[in-house]
Each structure stands twice: as structure tokens, then as C-alpha cells.
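Following are the structures in question.
Heads up, the next two complexes both have subunit A, just with different partners, subunit B and then subunit C.
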Partner chain A sequence: MQMPEPSQAIMNQRDALAVALRQIVGQEWVISDEAERRPYQCDGITAYMAMPLLVVLPGSAAEVQQILRLCHEKGVKVVPRGSGTSLSGGALPLEDGILLVTSRLCNVLEVDAANRVARVQPGVPNIKISEAVQHLGLCYMPDPSSQLISTIGGNVAENAGGVHCLKYGVTANHILGLEAVLMTGEILHLGGAYLGAAEGELDLMGVLTGSEGLLAMVTEIAVRLEPVPEVARVISMSFPSVEEACACVGAIVGAGIIPAGLEFMDRKVLDAVSVLIRETFDSSTAALLLCELDGTAVEVDALVDVVSDVARAQGAIETKVSTTEEERQRIWSSRKLAFSAIGKLCPDYYCTDGTIPRNKLPEVLNKMADMSVKYGLDYANCFHAGDGNLHPIIMYDAAKPGDLEKAEAFGADVLIACVDAGGVLSGEHGVGVEKRDLMTHQFTEIDLNQQQMVKCAFDPAELLNPGKVFPTACRCAEFGRMHVRNGAVRFPDIPRF
Partner chain B sequence: MTQTETTCLRPSSTQDVADIIMDAAAAGQTLAITGNGTRQGFGNPVTASRTLELGGLDQVAFYEPEDLVIRAGVGLTLDELEHMLAQKSQYLPFEPPRYTGLYGTDGRRSTLGGAVATALSGPRRILCGAVRDFVLGVEGVNGQGDVFKAGGRTMKNVTGYDLSKLVTGACGTLAALTSITLKVLPAPRAELTLVVPAGTLEDDRALFEKIRALPLGVSGLARRVAADECCEVVIRVEGTIPGVAGNRQVLEGLLPTPPRVAEQEESRALWQDIRELSCLAPRADELVWRVNLPATAMPVFVDEARRAGCISRFFVDWAGGVVFSTMRGVQPEVDALRYRKMAEKIGARAMLLRAPDPIRSQFGAFPPVAAGVAALERRTRAAFDPAGIFNPGRMTVQA
Partner chain C sequence: MLSHIPQAAQDADANIKLAKEIIGNCVHCGVCLSRCPTYAVRHEENDSPRGRIFLIKGMYEKGGAPDARTVEHLDRCLTCLACEAICPSGVEYSKLIAHGREYVEQHYRRPLFQRVVRESLIKLLPNAGLFRKAIALGRLARPARGLFSGTLRAMIDMVPANSLPAPSSVDRPQTFAVKPGTARRKRVALLNGCVQTVLDTAINEATIRLLQRHGVEVVVAQGSGCCGAPAEHMGAEDKALPLVKANIDAWLREADGPEGLDAVIINTSGCGTSVKAYGHTMRLDPQWADKAARVSAMARDISEFMTEIGLMPAARPTGMRVVYHSACSMQHGQRIINQPKDLLRAAGFTVLDVPEGYLCCGSAGTYNLLQPDIAQQLKERKVRNIRSVSAQVAASGNIGCMTQLAGEVGIPFVHTVELLDWATGGPEPAALAKAQMVAD
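Up next, the complex of A and B:
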């Protein structure tokens, strides 16, 4: 994984830049000390590290505006960062760029229960929104597993999903308005704090969501609030084979039911978690599905019966339905502990998030088994089955020479298999640097050019989070002058990072 | 906009579309992009050298009900699409309106592409989301004749910029879309609508708020003019048979008077009328408006606008979040400006849904956006269509 060559000229200006930034945010909010910068070297992917030039923590949108204006003038790159839980390297620092961290922008600005909207700052951890509106019987629906830590700004940038997005949708479906600052320092307001506030606008908000911090710095978000479902019950269904479990996923949806969540765990995951939860799973179980149904009590009771019938018809060995909230939490604990349980089995693991059409699950899972043999690395599967979002956990040992490279190659093969099955490289973690060089497998040169032209409309100087998502630089200046014909190779001479 | 036969092109493949666009770009010609032309009254009037009609791209590439996904050419009619889905007990949750009555066109010919380009979402918006929330992927041709795809067919996707959202609602000003991949959902098995006489606007808004605060999955909340010219509040619940029956009971407990209940077919017809704005019954010379606003601001806004003579007939949908109205101004030019100003004052967005061409050209069908956003919109359009050959002026008023 190669990043753009850092500019020595910019790095030489570090001290002067620190002084200028301190004038904007105050002495203590620019971190220049090396030891204090170290915790910011990587995001959720520890395999990729770089020391940021400076870490800057603005306290307001106005400060963000001044910082960006300054950096734009001086040609300094900027990497936005929330909590740094990204699993694709989107918040990986640049040695010649500042890291713009939102941790001080952490206020819920307004809760408007009557219009069911909250206005929040980007550094608010996801869970804090729901906590702030709990007393009103409301919640913010998207619930990434990282919700205790990951920020709403990071969620917007990665269009985060979660266990419940099968029924309730991903971040993009819950954002009504954004305040964003362009690299030039210009503040934009898109949409607003009510449903339909963006009607008749070009959907710039839609394209900003999931843009991985490449288009603008988000400084305020208006999110939709929903009433907390009256009840939720989970059905745990064990299957003698992976194929039958996968078939059951399609059968549930085919029966006209959209569960709140539908998660898959294979035998390896079950064995790993059984140690932690002190519960054994029947030896004939090869895979387990957890299906959560929510709504009114009457509705959920009706659906539980249908899903249980479907599961039995699909060959489930056993189905267990939670009857109390406590039981529901206990059943879910196996899924929640899955990743840490696997972590205990191996020194390191690597997890990607390719997404495929649901009916291709057995095919791609089988291919993974072959890849495991090919690379000689063990793996386990625990993923959002309902929306075909795979999370293969590839186990390796970073201390063993060549193991990380093998794990990465295994991961890349899985992603390629996902794209070949009609799917995509990323369902919720984003492309970042991790999947960047695979983009050409999913998109043609023309597709990528079209996306990069949009980047040029937002950030023609290419100073905002460069080196991420796209395998080549944008070269916005050339785009402006270009007129090429369909199918022609556009930039045969562009160097890859 | 009038076009003669010879200037209307109706290709039947993506490649033909690309060739036409490349030729037009080379010749410095502009193109009006349409589906079957049933919504030419929406947005600003367009004057272009030629019309590119995409209604011929009507093939279904695939429909996989168990994966809740369909991909079809933009020319597929919404009627055909919905019929196909219904055969598998599925549906388009965003309830795309046809506006047949509004524009006096043949709504049976309204296309999928038109629905995505105009991004008009129906009454279920309050529960299920908007058109954009169901567009998983698109294929289109940009202003240089390049065929590009964006998005995909999976339910989740964060792979590159979400250009599918950007082209949705762009009224064909970014690209000539050729095919669209949609997420579809199982249709609810049961539905019914509770009908009670309307109270004051504030009473009804408060009732909406109370109902929406409950996790009942209410999928329609409107206040409309009934056949007898009286106003009524209509509340739709959908789901399983026992679920709907249970919700009905809860809702009945909240209502000021025992409701009349419209079941299944009747409920469906009722919401189709709301979706199509039938109860507005605009006269030929009336303007039709749609104002999106915070529900809490609705009662005062409507009262003031009526007093100011800016609203003649109206109804409210989306639990108070959208007001549809007619305007019978002696001087529509003056009233249009006044009404839009009133909306702007409270941060609302007033869209001119129907008006004679000169009025839409002058005021713009869409409410103006702030200068910075307008500039970014312009740059974004140029990123797709550098020479501005697609639907010139459709979304922006030319200076």
C-alpha cells in the first residue's frame, strides 16, 4: 500500500503552521509533541500507520472554517478524523498533512421531538444521540457495533450501517441536513432540520454521505429520530450446514419479512464464543442465524411464528426465541462477543466487508474455504447475512514474516470474489486505503473518472484526505480541459500511488 | 415545450443514447431528456435543440424477489413495474405519484426514469423514506457521451461516491440515465385507514405528533378535503393482519371521535387520491404549490398564507410536513413571489408544482438555494455535463 510522497517543503513549515493554527484554536488544541501525536498514527486498521504533521482540535465550525482556509492557502493537506475507528484506513494520517479531529465538537445542539429531529455536532458518539432522546421514547436508528465510540461525523463519512440497518436503513437514510465546510473554508448548509428540507436541491448531501472525508468537513448534522420499537425478540436458529443457513436467509425475506437484524455465525465463531459465554452449542450445528424481529407485541408475535416455521422448513435443528429482554440480550451476547472471542484464538486478525447479493452467499462462502487452503490461513465468518454484508475474519500472526501479506492477499481475493458475484468491495467500512487499489476491479476507468470529477467540483486542489478511495490522483486541472471519447484510455501514464 | 417529430430521438439501447449524446456534444446542440414526456410540466421549462426520449429503454434486466432487487431500463413504465412487483407480493415503498390529473398527461406512460429523475415521494415518506433511499445503482451517460455506472445492487454499499443519490432528483441535468437498480420490499399484507373529521390545523398537527411518537409504523398521516368538501384526517396502518388490528385499537383510543374505517381496497384508493393530489382539483388557471416545512410550523404558515390570499385550496400530508395548495391569484406573478417569501421566512421550501411556462421560467419551479450551494451545484453539473447540454434551465433559472 503506497501513499502519495509527502512534501518535504510542507513538512519544513511545521513550526510556522503550528503557530498559525494556535492562533485559531488556542495554544492547547494543536498537538505537535511527537509522543502526544503517536496515538493518532492509525485508525481501526493498525497495519497502516503514519505520523500526522500536526493534530488540530477545533472547537467550532468557525474555527474549522479558518483552519481549512489557512491550509488551502498554504497548500497543506487535511485528514478529518472522528474517533478513529474506521476499518479501512480512511482516517490514516499523512506525514505532510494535519489531522483535523472532531472530539471537541461533541454537543447535541438541539432536540426537536415534535419534528423528530436532533441537530448534533460531528464529534458526538453515535450512542449519545439515542441517550439524549431516550426519555422521549425516541432513538437514532443506525447502530454500528462501534456506536459507543464512533462519532456521528465518522458515521456520515462512512455511511455506517449496523445490525439493524436491514430494516431501518443505513446512515444516509437518517440524515436530513448537513453543515459542511469546503476545503476553501466556505460553509454550506444542505437540507435542513425537517423531513423534506432537501427537496428540490441537487442531492449534494447524498454524495457527501459516504464520501470518506474527501469532499468536505462535516460540522453539523440533522438526524431523524424514530420511536423506540415497543418490543424486540430474537430467534436463534441452528443449522447442520452453512448452505441451509444461507438458504434460510433468502426464505425469511422471501416470506415477506424484513427482520430488524439477521446475523450469521459459523462453527468456528460459535466455538470461540462458547468459551466466553460458557454455553455449548449442539455438536451438529454448523452455523447459527440470529433473527431479530421488532415492532408492536402483536406484530412481533405473529412474525416470530412465521420465521420459526420457515426455519424449520429450511432444516433448522433448533430454534430458540427470547421471551424476556434479558434473554434477548443473552442470545445477542454471542454475536457481540464474536470478534473479541476470535481475537483470543490468534495473535492478529483481519476483517473486510465485501457485500454480495444474498443468493450468492453459499457460492462465495465456498470460495472462501478454498482460499483458506490456498493461503494456509484460518478464517471464521460472522456477518450481516440479511443484507449480504460479509465480514470474513482472517487469522494471522503479524510476527510471522509474510503472514500479514498473505492475510491481505486473502482479503483481497474475497473482495474480488464479492465483486465477481455481483457485489461490492465495501458494505459499510468504506474503501479508505485498504480497498483503494481494488477499485479498478469494481469500476471502469470511466466510472472512476466520473466520481473524481465530483471530487474536483468540491475540492479541486485535492487537499482533503488525498490518497484515499481512488487508486490515482484526480488531476482536476486536466479534467477541466479534457475531451475524450468513450472507451479511450484516459490516463495511461498516471502513476499509481 | 414543443418539438417537431424530426427533432425527437427515441433510442432503444444505451449505446445509441451514448452516440446521440456524443454527436450532440460535438455539434454544440442541447438535449431535452425525457422518459415518455408525462411530466414536462414539472420543473422549469426547457428549450433545447432536440429531445432525447428514453421511453424505449424499457427492458427488465433482472428481478430477484428473494433478494429484493430489480434492475430495469429507465423507460419501463411505473404501472408495468408495480404490476410485476405485485405478482410477487412486493412493492415500491416510496409510492411514486404520476400526477396525471395535474399535468393532464397519460400517467400510465410515466416511467421509472422519470420517477427517479423527479424524485417525488408519496405519502409513505414519513415511514419508509424517499425515492433516493431505494435507488441502489444507476447506469447513465454523461454530457460527453461516456457510459458510466454508479452504486450497485446490494443493500449496503460504501464503495466510492454515491452518485446514484446525486442523479436522483437531478431532473436529468447531470446524466441521461439508462438503467436503474431499485431496492423493493415485501408489500404489507394488510392495510386500513382510520378517518376522522378534521379539527383546527393545530389540533390535527398535535394529533399527528402524538401518533408519530408511538412505534406503530403508521405509514400515512394526512389532512385532506373529502368529497363533501369537509376536511378529514386520515391515518394509515399497514403490516400483518394481527398487527394492523392491534394498531387500529391503539389508534382508536387516541382519536377524539370514533373513526370511520376504510379497509384494503378502499384504503388503497384513498391514498392513491392523496398521492395524486386529487382533492386539490386545481382549475386550469390555478397554480399548484408544494411546500416542505417543519410540521410544527404548518398551522401558522397555512393560516397566514390563506389570509394573504396565497392559498386557495390546500391539503396537508407527511404528518404536517408538506402542504399542497392551489393559488388563484389575480396576479400570479405577484402572489408567487409573496408566497415563496413567506415560506423562506420560516426556512420552508416552496416548489411550484404546476404553473404556465412563463411563470416557471421567471420564478423557477424550485426554491432558490444559497449562493454557495448554487455555485457547488453548478460545478457538480459541470462535472457531469461540462458544456451544459442536458435539460438546460430545468432546475435553475437562467440569469
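Up next, the complex of A and C:
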């Protein structure tokens, strides 16, 4: 993985920088010892590692502001990190950059039940929001599989999805307001405790959501809370072939039903999770669909019947409906822990994230089987079928020379096939470093230039998370649109954030 | 996760080879962080299981003496094993940290104060006589607690406020036959433990009564004693092994004798985790490996055993609201989750769970003495959570947690077996009777 050449001059200033940062956050929250920096070398992708210059854990938004101002002044790069669960290498450190970790910013600041809004700090793990409001019958809906530990700040950065985003939408649909700090230390307040941008204004909150830490550090988030559905039941449907399971996905949605979640697990994944789910699967089962239906009891009962009928018509071997909440939770926890459970089958895996139109599922899955033969690597499939968001898990052994490269090439082929099928590179994991070099396959040069100009508008010095998302360095100096010349801003009549 | 531990190091030490395999199973997903008490307090990767796996990897890759920072983070681990219980990839963290600590003790020279404290604890805890003397000494030092800080103050604060119970006659080697007129269904050995025989003799007494009442003959085997966990947790395998071997010998003598043995019963879950791991501890010693595995296979927590033989109908209606605190060694170490609660329900109690029940209370063997700051924060959090459910009595299956929490939760704190014994015809637990007197 090619990353920007580290600056030796900056690396030489490490000790002085540590002293300055310790004045901001306190002695113990700047990690400079080599042994202690090592655990921060990677996020959820262990294939890519780099030793961060320093690791800094601020305890307040004010400290974040001071840190960014200092780094801006000194020309030091900053890589934001939450819990380090990114599957696209979004929090991969830079050797000449500090790692700015939000894990200490983990408070739910305010719960406003009447307006169904919570104000939270970026380091709050996703699930903690729902736990904090469950006594009110409310929850925070987006539920990425990593929700036990992935932070809401990271969810905003990646515009995370999850099982329930089929019906309820992704992170962007549940963020009402953001406080963010620009690299210069300037604080932005975007949105508010209501939905949508004010009329006539740019939707900058929408720009920041999914910006992968390239534009600003988010320091506070107002999230939308939803009532917990009165009833939720999950139907497990086993199929004798992957094709029939895929066809059933289209048939369910085609029948006019938007399930709360519609997930696909292939045989290999089923074997890996069968211990967690405490179930064994009939040997004729090649794929399992999990379909969650929620709403009022009457509505759910009716939908369960319709979906079961559709499944049987599509060749399901068996359909089973959860009868208790405990059973439903167990089924979902098995799905959410599926990626990690694959760790039992192979020393290393590489999980990617292309998204395609639902009707192309069988076609792309068949291509994947061919690629597996071509590269000689095994793979498993476990994905959000309802929204065509694929997560092939490519198994390899990092100890075998050449295996990682083969896995990377396999992953790239899958993503290219997704784009060629009319889809996109990423559904929810982000581009990061993992899909960075494939961006040119999805976007033209004009598209990419336009995206880079947004980056330059927020961070013209290119200090925030450089080397991610874009296959080439931004050309902010060349675009030069927003540079201040002799203290005068160009186009002073245009409102600025 | 790929590691680069030199082949020579792996060849020289089977535990390092095992560590490489265990590290290889970790996919760095981070799920373990969500259950880790030290991460909940510190929010720092180095104080999380995933971080410690990285640190251990670094320690073996580098070889030689580990650095002080690595040792500090490994010391901070409570060994609660919440991480291992939730790990979807099946990473055997318990083995990784245990062998990592042995490596630390073999290769790292601790500052003098730490050495003295650790060696004293390793000597004191397994020896009831010495432990009693130490508590008496601690009581003398109490008025001067302000002069001490850190570990020493934590030690003084741990000294029970009430006078210690007199040594119980049940903790001497002997056999408790079933009550006359009752058929003998099973014959078991009881691990009476070390600290427990000093701090709270009522637990073993209640256990024996409960078992006898259910037609189970109980043997306190000659030669059995401390399970070895205190030394093992501090990485002092050489100090733990004699204790482990003594127990194995004592119980197998009974098992292979004319009367035989159906199980080894443990009523302190911390010890249970340790005894169940004897097979692993001794696996590399051909003389002991099979014997140790036999003992591990016979080991049962009292709640597992009572579930197997079935609890008799309650003799008296108690109807109390019990908040059940599951010790880490119970729920994570031994994965015993529902049995104690189901038994309490069967005995007529209303059972309440502790919010954030997966989090350690900070006791963790000798942790509250060695890491008083983190232990105190965890204790306060646990106390808050226990108080939040407004129960009438708290119950747990581990003396360590009981000692850590009893004075703080505002309600009597008893062992699960004391409640089961009471409900099925035994005497009312002393802590309950006392609280009742105060209320009257």
C-alpha cells in the first residue's frame, strides 16, 4: 500500500511536539513510547500497519481544537481514530502524523426525549446511545455490525449502515447536528436538533457525514432517536442454492415489503456462526436469509405470513420465525459477530464492501466463485442482501508470501465487478486506503477533481487524514480557490461556513 | 493476526509457540474492547485486550526483558476474561495473558516494593494461619491509614471491619456422611479454599449442609488446600505448582479409593476457573498431565452440581428480591450464567440482574491490592449498579467479590449457597439475620 512519503523533518520534531501536546492534554494522554504506540498501528485491517508519530487522546472538544491549531501551525498531519474498527483502513496511521483518538470523548451529553434527540460525544460506542435511552422506549437505529464498540464519530465519518438501514436509512439519515473543528481550529456548528438543512444553505452536514476524516474532526453529534418498534420478529429461511436465496431477496422487496433487515449468509458463514446461534443447519442448506419484520403486532403477523409464502414459492427448504426476543437477539448477534467468527476458519481475512443493484446479485456472486478459483483463495459471503451491499470475506494467510497480494487482487476484482454491474465501490465501510486506488474505476477525473476541491475548501493544507480516499494527492495549491491573499478573502460576498 | 516471533523462541518455549497460534486467531475486530473493564475506565488501547495482545506480540518478537510500560499494561489486566467470553474468533486470551505473565516474571526485574508485596501475597494467601496474623496486623495499622497510599492503603482498607469468625471445624479434613435415613446419591470432594476459610466460614458450612441434605457425601480431602490461583495470577508458576500438585494428589487419592468420587465441588468461582484449567497448566509435564486433566474434568461449581442433581422443593417461602452478582470467574471464566439464577428462582427467590453485569467489580483476586486506583473505580461503578435495582439481598458465588462489595451495597451480601441452604431448611444466613435485627 503506497502512502505519502513521510517527512523526516516532521519526524525529527517528535519529542518537541510531544511536549507541546502534553501541555494541552496532560502527561499521560500523549503516547510516545514505542511499545505503547505499537497497538495503534492498525485498525480493523491488520494487513496495513504504520507506526504513528504520536498518539493523542484529548479529553474535551476544546483540547481537540488546540491540538488541531497546533498541528496546523507546525504542519503536522492528523489521522482521526475512534475505536479502530475501520474495515477500509480509514484510521491507518501515518509515520509523520499524530493519531487523534476520540475514545475518551465518550459521554452522552443530553437526552431530549420530547424532541427525540440525543447530544453525544464522538467517542461514544454506537450501542451505548441505545442503551442510554432504552428506558424511554427509544433507540438509535443505525446498527453496524461493529456497533458494540465502533464509535458514533467513526459512524459519521464512514456514514455507516448496518442491518436495519434497509428500512430506516444510514447514519446520514439519523444525524441532526454536528459540531466539528477545522484543521485551523475553527469550530463549525452545522444543522441543529431538527431534520434537514435550513433553506438556502448548503447541506454541509451532509458533506461531513461520510467524509472519512478528511474534512474536519467531529466533536459533538446530535442524533435522532426512534421509538423501539413494538414488535420485531426474524424469519430464518434456508435455501438449497445461492441463486434461489438471491432470487428470494428480489421477490420479497418486489412484493412491496421493506423488511427492517434482510441478510444473506452462505454455508461457510453458517458453519462459523452455528456455535453462536446454537443451531445446526441441514446439510442441504447452501444459504440462509434472515428477514426481520417490525411494527405493530398485527402488521408483523401479516408480513410474516406474506414473506413465508414468498420464500416457499422461491424454493426455501425451511422457514422459521423467532418466537421470543431472546431468540431474535441471539440470531442477530450471530450475524453481527459473523465476520469475526470467520477468524476461526482462517489465519487472516480481507472483507470488502461493494454494493450492487439487487437484481445483479446472482450474476456478481457467480463471478466471485470464478475469481475464487482463479486466485486459489477461499471466500465466504455474509451481506446486507436487501440493499445489495456485498461483504465477501476473502480468506488468506499473511504468513504465506504472496497471499495478501492475491487477496487484494481478488478484492479489487470483486469491486470492479460491482461497479461494472452498475454498483459502487463502497456501501458502508468507506474507501479509506483499501479502495482508494479503485476510485478511478468508479469516478472520472472531473468527478475526482470536484471532490478534491471540496477537500481543499475544508483543509487546504491537506493535513487531515491524507493518503486516504483519493488515489492522488489533492492539488489544493493548484486549485487555490480559497487561499487568503494579503489578508483579503476572494469573493467576500459569498457566505462562508 | 500475523506475528514475527522468532522461530528459535518458539522452539525453545512451547508457551511462546502457543502464543503465536493464539495471536494468529485474533482478527483485530475490537469487539473485546466493549467488554473490557480497564478499557471502560481508561479508554486506551494499551489497556484493552486487543492492545495487550499487541503488547505480548511485541514482547515475544523483541525477546529478552520486556519494558516497564508493557509490564504495567499487562499488570492492569484483571483477568476477568470478559474478552474471551465475547470473542467471536475464539482467541484464548486467558492462556496468552497467563503465559505472558510467567514470561514477565522470568525476564523482568520489578522494583523492590512490588517484589516484596507480590511475594508476601503469594506466601500469605494460601496459608490460613499467616493470613489471620496479617489481618490482625492490618487492623492495628488502620488508625494510621492516612499515612499510607496505593497498595498499602488498599491492604489496610481490605481488612474486615468485623472480627474474623473462629476457624470452622468443617474446614478440617474429614468426611460428612449423608443424614441417617437418606440414601447416598453421590460422593464429592469439597475445595475449602484458603482465604475463604479465614474470612467467611459460613460458606463452606452452608455448602456441606446443602449437599448432605441432597444425599451427597462430602469429603474434605487430606492435603487439599489453596488452588494456586493467587500465585498463578502474579505469574509465579513455580509457587503455584506445588499447590496444584497437592490438590491433584489429595483428590485422586479419594477418587481412586474404595469409595470413589463423583466430582470436586468448588464454591469459589475464582478457584473453580483455576482447577478447571489444571489440565492445561500441567499439560507439558508427562507425569502430571493425565492426572491433572482428570481432576479438571471432575471439577464443578456448586451451582453446576446442584443443577445436575436437582434442587429439592423449598422448605420455606422466602420471596425475597435477590440481586445476583455474577463473578467474572463464574460468567466469563467458567461460562456459568443461568444456573445460579435458576437455582435461586427454584428456591423461591425473585432474581434481579445487575446492570452492566459483564463488568468486573475490581476485586479480581489480588487486583484490588495491586491496582487500587482502577479497582476502586470499578468498585464504585458496580456498587452504583447493584444499588440501582433496589433488592433486599445480594448474592454471589465468589468470596473475592463479596469482600470487595459487602460493606458498600447497603444490603446484606451473601453466597448463593447460603440462600439455597436457607430456603431448603438450613439456618438463616448470618448477614441476613443481623440486618433483620438492625431493622427491628
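Everything below uses one rule, namely that the second predicted complex is superposed on the first by the 457 of 497 C-alpha atoms of A that agree within 3 Å, B and C clash if a C-alpha of one lies under 4 Å from a C-alpha of the other, contacts with A are read in each partner's own complex, and residues count from 1 in each chain.
One rule holds in what follows: contacts are C-beta pairs under 8 Å (C-beta built on N, C-alpha and C of every residue); 3 or more make two chains touch, one makes a residue touch a chain.
Since the model is a prediction, treat every value here as computed from it, not as a measurement.
Look at subunit A after the overlay: subunit B and subunit C fit there side by side. If you count the residues of subunit A touched by subunit B and by subunit C, you find the higher number for B.
With both structures placed on the common chain, the touch criterion links A:172 to subunit B but leaves subunit C unconnected.
In the superposed pair of complexes, A:410 makes contact with neither subunit B nor subunit C. In the superposition on chain A, A:423 makes contact with subunit B only, while subunit C stays out of contact range. In the superposition on chain A, contact is made by A:149 with subunit C only, not with subunit B. When both complexes are overlaid on chain A, the residue A:350 reaches neither subunit B nor subunit C.
By the touch criterion defined above, A:83 lies against subunit C but remains apart from subunit B after alignment on the C-alpha atoms of chain A.
In the superposed pair of complexes, A:453 makes contact with subunit B only, with no contact to subunit C.
By the touch criterion stated above, A:302 is placed in contact with subunit B alone, subunit C being left untouched.
Of the two partner chains, subunit B is the only one touched by A:256; subunit C is not. Here the vertex is the CA centre of subunit A, and the angle it makes with the centres of subunit B and subunit C is 130 degrees, a multiple of 10.
Once both complexes are placed on a shared chain A, the shortest Cα to Cα gap between subunit B and subunit C comes to 20 Å.
No residue of subunit A is contacted both by subunit B in one complex and by subunit C in the other.
If you check the complex, the residues on subunit A that touch subunit C are 31, 33, 35-36, 38-46, 57, 83-85, 101, 103-104, 106, 123, 125, 127, 146, 148-150, 276, 337-344, 347-349, 398-399.
Considering their complex, residues 18, 22, 64-69, 89, 119, 125-126, 129, 132-133, 142, 144-150, 152-163, 165-166, 168-170, 173-174, 185-187, 189, 209, 212-217, 239-243, 245-247, 250, 290, 292-296, 318, 321-322, 347, 349, 351, 365-367, 369-370, 372-373, 376-377, 379-384, 395 of subunit B touch subunit A. For subunit A in complex with subunit B, the residues that touch the partner chain are 112-116, 136-138, 158-159, 161, 165-166, 169-170, 172-173, 182, 186-190, 192-197, 199-204, 206-207, 209-212, 215, 226-230, 250-251, 253-254, 256-258, 295-299, 301-303, 355-359, 384, 386-389, 422-431, 435, 439, 442-444, 446-451, 453-458, 469-470, 479, 483-486.
Interface of subunit C with subunit A (complex): residues 1-2, 24-31, 33-34, 43-46, 48, 50-51, 54-55, 58, 67, 69-70, 73, 87-91.
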